[in-house]
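One structure is given below, represented as C-alpha cells, and several questions about it will come after.
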Amino acid sequence: MANLFLLLNLIAVVSFCCVNVLAFEPSPMQDFCVADPASLDRVNGLACKDPKSVQAEDFFFSGLHLAGYTTNAVGSKVTPVNVAQVPGLNTLGISLVRVDYAPWGINPPHTHPRATEILTVLEGSLQVGFVTSNPENRLITKVLKKGDVFVFPIGLVHYQRNVGKGNAVAIAALSSQNPGVITIANAVFGSDPAIATDILAKAFQVDESIVALMQSKF
Amino acid sequence: MANLFLLLNLIAVVSFCCVNVLAFEPSPMQDFCVADPASLDRVNGLACKDPKSVQAEDFFFSGLHLAGYTTNAVGSKVTPVNVAQVPGLNTLGISLVRVDYAPWGINPPHTHPRATEILTVLEGSLQVGFVTSNPENRLITKVLKKGDVFVFPIGLVHYQRNVGKGNAVAIAALSSQNPGVITIANAVFGSDPAIATDILAKAFQVDESIVALMQSKF
Amino acid sequence: MANLFLLLNLIAVVSFCCVNVLAFEPSPMQDFCVADPASLDRVNGLACKDPKSVQAEDFFFSGLHLAGYTTNAVGSKVTPVNVAQVPGLNTLGISLVRVDYAPWGINPPHTHPRATEILTVLEGSLQVGFVTSNPENRLITKVLKKGDVFVFPIGLVHYQRNVGKGNAVAIAALSSQNPGVITIANAVFGSDPAIATDILAKAFQVDESIVALMQSKF
Amino acid sequence: MANLFLLLNLIAVVSFCCVNVLAFEPSPMQDFCVADPASLDRVNGLACKDPKSVQAEDFFFSGLHLAGYTTNAVGSKVTPVNVAQVPGLNTLGISLVRVDYAPWGINPPHTHPRATEILTVLEGSLQVGFVTSNPENRLITKVLKKGDVFVFPIGLVHYQRNVGKGNAVAIAALSSQNPGVITIANAVFGSDPAIATDILAKAFQVDESIVALMQSKF
Amino acid sequence: MANLFLLLNLIAVVSFCCVNVLAFEPSPMQDFCVADPASLDRVNGLACKDPKSVQAEDFFFSGLHLAGYTTNAVGSKVTPVNVAQVPGLNTLGISLVRVDYAPWGINPPHTHPRATEILTVLEGSLQVGFVTSNPENRLITKVLKKGDVFVFPIGLVHYQRNVGKGNAVAIAALSSQNPGVITIANAVFGSDPAIATDILAKAFQVDESIVALMQSKF
Amino acid sequence: MANLFLLLNLIAVVSFCCVNVLAFEPSPMQDFCVADPASLDRVNGLACKDPKSVQAEDFFFSGLHLAGYTTNAVGSKVTPVNVAQVPGLNTLGISLVRVDYAPWGINPPHTHPRATEILTVLEGSLQVGFVTSNPENRLITKVLKKGDVFVFPIGLVHYQRNVGKGNAVAIAALSSQNPGVITIANAVFGSDPAIATDILAKAFQVDESIVALMQSKF
C-alpha cells in the first residue's frame, strides 16, 4: 500500500504532457521527478529521487555569469544548464545555455533534434541564421545587438557569428531538458568510423582528396 | 527471447498517447500497465505487474455509493478513485472522485495541475465556478441541480458550494489517473515552511498581522 | 495587433497537451476553446468562440438524472455528454455518458478508439468485461453492484450486461471529448455497403448463409 | 556524476514526442533506446541497452523477402517486423509487416488499437476495405494491384482479400513500434473464457445456437 | 494541386510534437508556422503566414536589455517575449520573460498552467520558492545571486523576492509559447465578478470582513 | 446544431494522439481528416474535406512499382507517398517512399526532422548508416541485401549507398505524414542566400576557396 502510494509521484510528473505515460518511481509527492544518479548504482531503471529527499539544490545551478573559455578552433564556448547539471529539470522540457564568442568566433552550423532555441544577446553583436528544409533551403538571417532575441525552430540547421569588435555573450533557452546537438561538420566529416570518402565526395560534389582533407581535421 | 517478448506489454500501453514513449516491463500481453506495488519492494523502477497476473480486481473499486464524512472545516469530503486506489488506471489518463457536501459546505478554491474536471450532481444543489487566467480573472459560475453537468478546464482555479438545504453529492471525472490538487489556501498560507509573511502581505495587499492570522489557521 | 493578441487564446488551449500545436482563433482569453457552431456557417475552419462571448452555459449540460429509454433490441440506452452536447469540452479530453439498462439488457461489445472508460454503477447490478488483444484474447470480467467502479482500457472490446432483476444505471467517464464508438456487430455485419459475405464467412468460419442472416439484422 | 551523465540517453529518446517523458536508463549516448532483454533478467524495469553496447544488428532484420506460409483457415500469413524482432525500434513509433495471401485468402477484419497502416501491394491483386465508426459504419473499399498503396486509419476495422488468381504479397507499415492486433472474430467469439452466449446472441441478433457454433470454431 | 502542395507547411509544423495533429494552412515551406494577424482580419481560423512571406523579423524581438518600470504595488515588472511579441514562436513551445525588481520588490505567488520556468539572475539577489501540491505543501526555497539558475516545475505556485539592496534583474524561459499566468491573489480575491465572500471566508478560515478587505484591494 | 454535429469529425481525428488538440472542420463522420485542397481556395484555414465526400481514392496511390529515374548527380531517386500525394494520410502520422539507386548511386547524408525511417531492400544491395549526436558522432553501418530491414532513428544524419553491381530498390516507411528532408550538403553549402564563406571555412576547417568551390556546386 505504501508502495502504491509512493508510485504516484512519477505518474504525476510524467503525465504533464500526455495522459498515458508510465510511472515507476514511488513517492508521496507528485510534482516533479528529480533524476537520481545515486539510485542508478543500485538498480538500473530507477529514474527519480525519493521526493522526500529532494532539496532546493536539485533545482539549482550557479555560475552562469562566468565567461566560457573561447580559445579553440571556432572561437566560442557553450556552457550548458540542462538535466546533466540540474537533475530537477528531468521531465520538465526546458534548459538553458550560455554562449561566449571571441571576436569573430562562430557557433558552427548544427541542429538540435529535440528543441527549438530562443536566444538573447547579453553583450556584443551576433549575426545569426537558420536554413529551411528541402527544397527551399532558404537562409533566414539577421544581425542582433544587445537586448535582441531570435528564434531557431526545432530541427533546422542554424549558427551564430560574432560580428562585433569585442567578445559577445548570449543566453539561449531550449525546449527540452536534453536537447541534443548534431554539429554538422563533426557528424558528417568526423564520425567514428568515418563515412566512406566516396560517399561524401558524391554528396558534396568535390574530389575525394578534399573530403579526405576535411575528414582529417575532425 | 522470452524477455523481449514480455517487453511488449509496456510498450503497448505507453504508446497509447504518443509513439515515442519508453517501455520497460516484460509481458506477453499488451493492453494495459497495471501498477505493481509488490514489485516496488524488490526493485525501484518497476512499474507494472506481469500481465499474466493481472486480475479483474486490478481494474475495480467498490464503495463509491457511500457518503463521505463532512464534519470538517470546509464541510465537504472528497473520495478519490485514482491510480492509488485502482492500479489498473496506471497510464490510462482518467480517474473519478465522489464529493459529499454538508449543507453550505464548500470544496474550496483549488487547481488540478494535470486534469480537466467534469462534474455531475447526483443529489442537492451546488453553486460552482472557475476563474480565467490573467489579465481577465473572469469568474464563470452557475448553480447546478440534480442531473446537471459542469466542466472545469485544466489548471484553472475552481470551487463548489452547497447551496441547497440538505446534503449534496457529486461525481466528477478527471482527465488524468493522478490529477493532483493544489488547494490555494493550503499552498499559499499553509506551506511548510511558511512563505515569508511580508511576501504574502505585499501579494495580498494586507497587513502582516492579517497574513499571520491566516497562516495560523493552516 | 489586436488580432495577434486575440490569437493567444487558442494557442493557450491547444498547448495543454503538447508544445507544438497550432493556434488559429483570436481571443484575449487563454484558458479554453469553446466550439462555436455559429461561426462554422460563415467560414469553414473556425473552431472556437470568441472567449469574450463564452458563457457558463457553454460548460453546462442538464438532464443526466433522467433515465434513457431502453425499449430496443439490446435493452440499453446511452445518453452522451461529450463535445456535441457541451461545446466547452472542446480540446479538454474528457466526457461522460449515462447508460440505462433494462433487466437483462446489454451494452453490446464495442470499442472506443480514442478513450479509456471508467464506469460506476448507480443502481442495479452489471456483469462487465473486456477482452485483451492477440494472441491471448483473455476475457477479464466481474459482476458489479451499486457503488462499484470498473475500468475498460482504451481500444479494447468491452461490454456490460444487466444481471439484476430491475433496471440498472451507470455513469461512465471517457478520456476524450469525442471518444468514438465502434459497435462490433454494426461495423462488421451492418456496414454500408456490406462487407462481402464470403469474407465474413471465412473470418468467422461459418457458412455464408449464416453471415447473410446476420447481415440482414443490421 | 557518471551515472547522471548516462541518464541522458533515455531522456533524449523519450522526449522525441513530448517534453515531459521520464528517463531512467543511464547512457552517454542520446539518440535511441534499444530494448535490452538481457537486463530484464536482472532487474525489472530496465528498458534500454547501454548505448555503448548498441550494434548495427539492433536496428536490423533479415528475411522479409521470404514468403509466409499461408496454409491455414484464412489463407494468409503476417510476418511482423516490430520491436519484438528489432529492439532498436523501441520508442521510435514505426514498424513493418509482410503479408502473404493464398489465392482468395483473406486477412480477416481486425483493428490496430495503436497504429494507422499504409499498405503497398508487391504482387497480385487485393480488395481492401475499412469501416467508419458509429453511426455511419460506412465501408470504404477498393481493389488494389501491384504498386498500389492504401491507408487504414488508426483504430478502424479493416481487412484485405486476395482477388487475383495467384498468390499476393503486400508490405505494410504501421505507426507504432508495437501496434497491437485485435482480430474481431477471435476477440468476440474466441475469448478465454468465452463471453456469455446470450450476450453475443443479443449483440449479433441471432440464436444462441449460432453463437455457440461460432464460438466452437475459435 | 498547388493548394495541396501548400498544405504541407502546417502539417510539418504541427507534427513536431505528435503524429496526429491537423494541418490547415497551405505553404511550400515546412518548418514553422508563423502567426499571421493580418489574415485573421479576413477569415477566422487562419493561423499562419504564407511561408513565402515569412521574414527574419518574424523570429525577432528587441529591447530585452531595457529595464522594466517597477513603480507599482508589488515592486516588479515582467517584460514578456512570447508569441504575442514574436509571431514565429507560434507552435514552438518556448518563450522568455525579463523580470525587474525594485529593492524588496516581489513577483507575487502565481502559477503557469502551461509551462515550467527556468530563471537566471542577471543582477542582484533573489529569494525564490515554489510549493508542492497536496498533501505536503512543502516550500522549496533558495536565495539566488548573480549567475544562479533555478527551476519552477509546471503548475506549481511560485514567487520571487528581491533580497538585495539594489534593483534585481532576471531572465526566465518558459516551456510554452504562451504559458499563461494565474496570479493567486488576483484570481481568488480579484475575480470579476467576485467569488462570494462567505466561500472565501470558509476557504481561508477568516472573517468575512477580512475577505471583503482583501477583495477591495483588487 | 448540425454544425456542431459536423464539428465532431475533426475533433475525433486530432485526438488520436493527445487529448487537447483543436478541431475545426465540421463533419458527421469521425475517423479521419482528409486534406481538402479545393476548400483552401475558398477559405484559408480549412483543412479537411467534408467526410461525406471522402472517397476510397483519398486513401489511395498507384505506381509505387515503377522505377524512379536515377540519372542525376547522386544516382538515386526518391518517389514519395506522403500527404502531398495521399490526402487521407493527413493527421495519421505515417508515409512511404520508394528509393531507386543506380549502381553505386547514393542517397546522400540527410535528416528527417519529424520521422524515424524503417527501410527494406526489395532489390540489390545497400550499405546504410547513421551517425549519433555529439559528442560521440558514432557511425552505425551495415550492408543490406534483399529482404533486409534497417532503422534510422528520428533526427539523425543517415545515408544509403548502392554497393551491388546492378540497380537497387528500397521501400521505406516514415513515422510522419510529412517527415521533411534536410539534405546536409544543400542546406549548408546550397542555401539561398548562401551562408557566409568564412563561417563555413571555420566550421569545416578548410580554406575559403574550398568552401566557395563547394558552394558553387549547389
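Going by the order they are written in, the chains are A, B, C, D, E and F; count residues from 1 in each one.
Following the convention adopted for this analysis, contacts are C-beta pairs under 8 Å (C-beta built on N, C-alpha and C of every residue); 3 or more make two chains touch, one makes a residue touch a chain.
Just so we're on the same page, UniProt names per chain: A, B, C, D, E, F = Germin-like protein 2-1.
Bear in mind that the values here come from a model prediction, so they are computed numbers and not experimental data.
Of all residue numbers seen at the chain D (Germin-like protein 2-1)-chain F (Germin-like protein 2-1) contact, over half occur in both copies; the interface is built from largely matching residues.
Chain centres here are means of the Cα atoms, and by that rule the chain farthest away from chain E (Germin-like protein 2-1) is D.
Inter-chain spacing, taken between the CA centroids of chain C (Germin-like protein 2-1) and chain D (Germin-like protein 2-1), is 24 Å. Centre to centre, using the average C-alpha position, chain C (Germin-like protein 2-1) and chain F (Germin-like protein 2-1) are separated by 34 Å.
Annotation: 41 Å between the Cα-based centres of chain D (Germin-like protein 2-1) and chain E (Germin-like protein 2-1). Separating the CA-averaged centres of chain A (Germin-like protein 2-1) and chain E (Germin-like protein 2-1) is a span of 22 Å. Residue positions of chain A (Germin-like protein 2-1) with contacts to 2 or more other chains are 12, 15-25, 30-31, 43-47, 92-94, 113-114, 133, 136, 138, 141, 154-156, 175, 180. Residue ranges of chain F (Germin-like protein 2-1) in contact with chain A (Germin-like protein 2-1), taken from their complex: 18-19, 73-75, 106, 108-109, 111, 113-114, 127, 129, 131, 133-134, 136-139, 141, 154-157, 159, 161, 180-196, 199-200, 202-206, 210, 213-214, 217-218. Every residue of chain F (Germin-like protein 2-1) that touches chain D (Germin-like protein 2-1) in the complex is listed here, in rising order: 12, 16, 28-32, 51, 54-57, 59-66, 81, 86, 88-89, 92-96, 115-118, 120, 122, 132-133, 136, 138, 140-142, 144-156, 171, 173-175.
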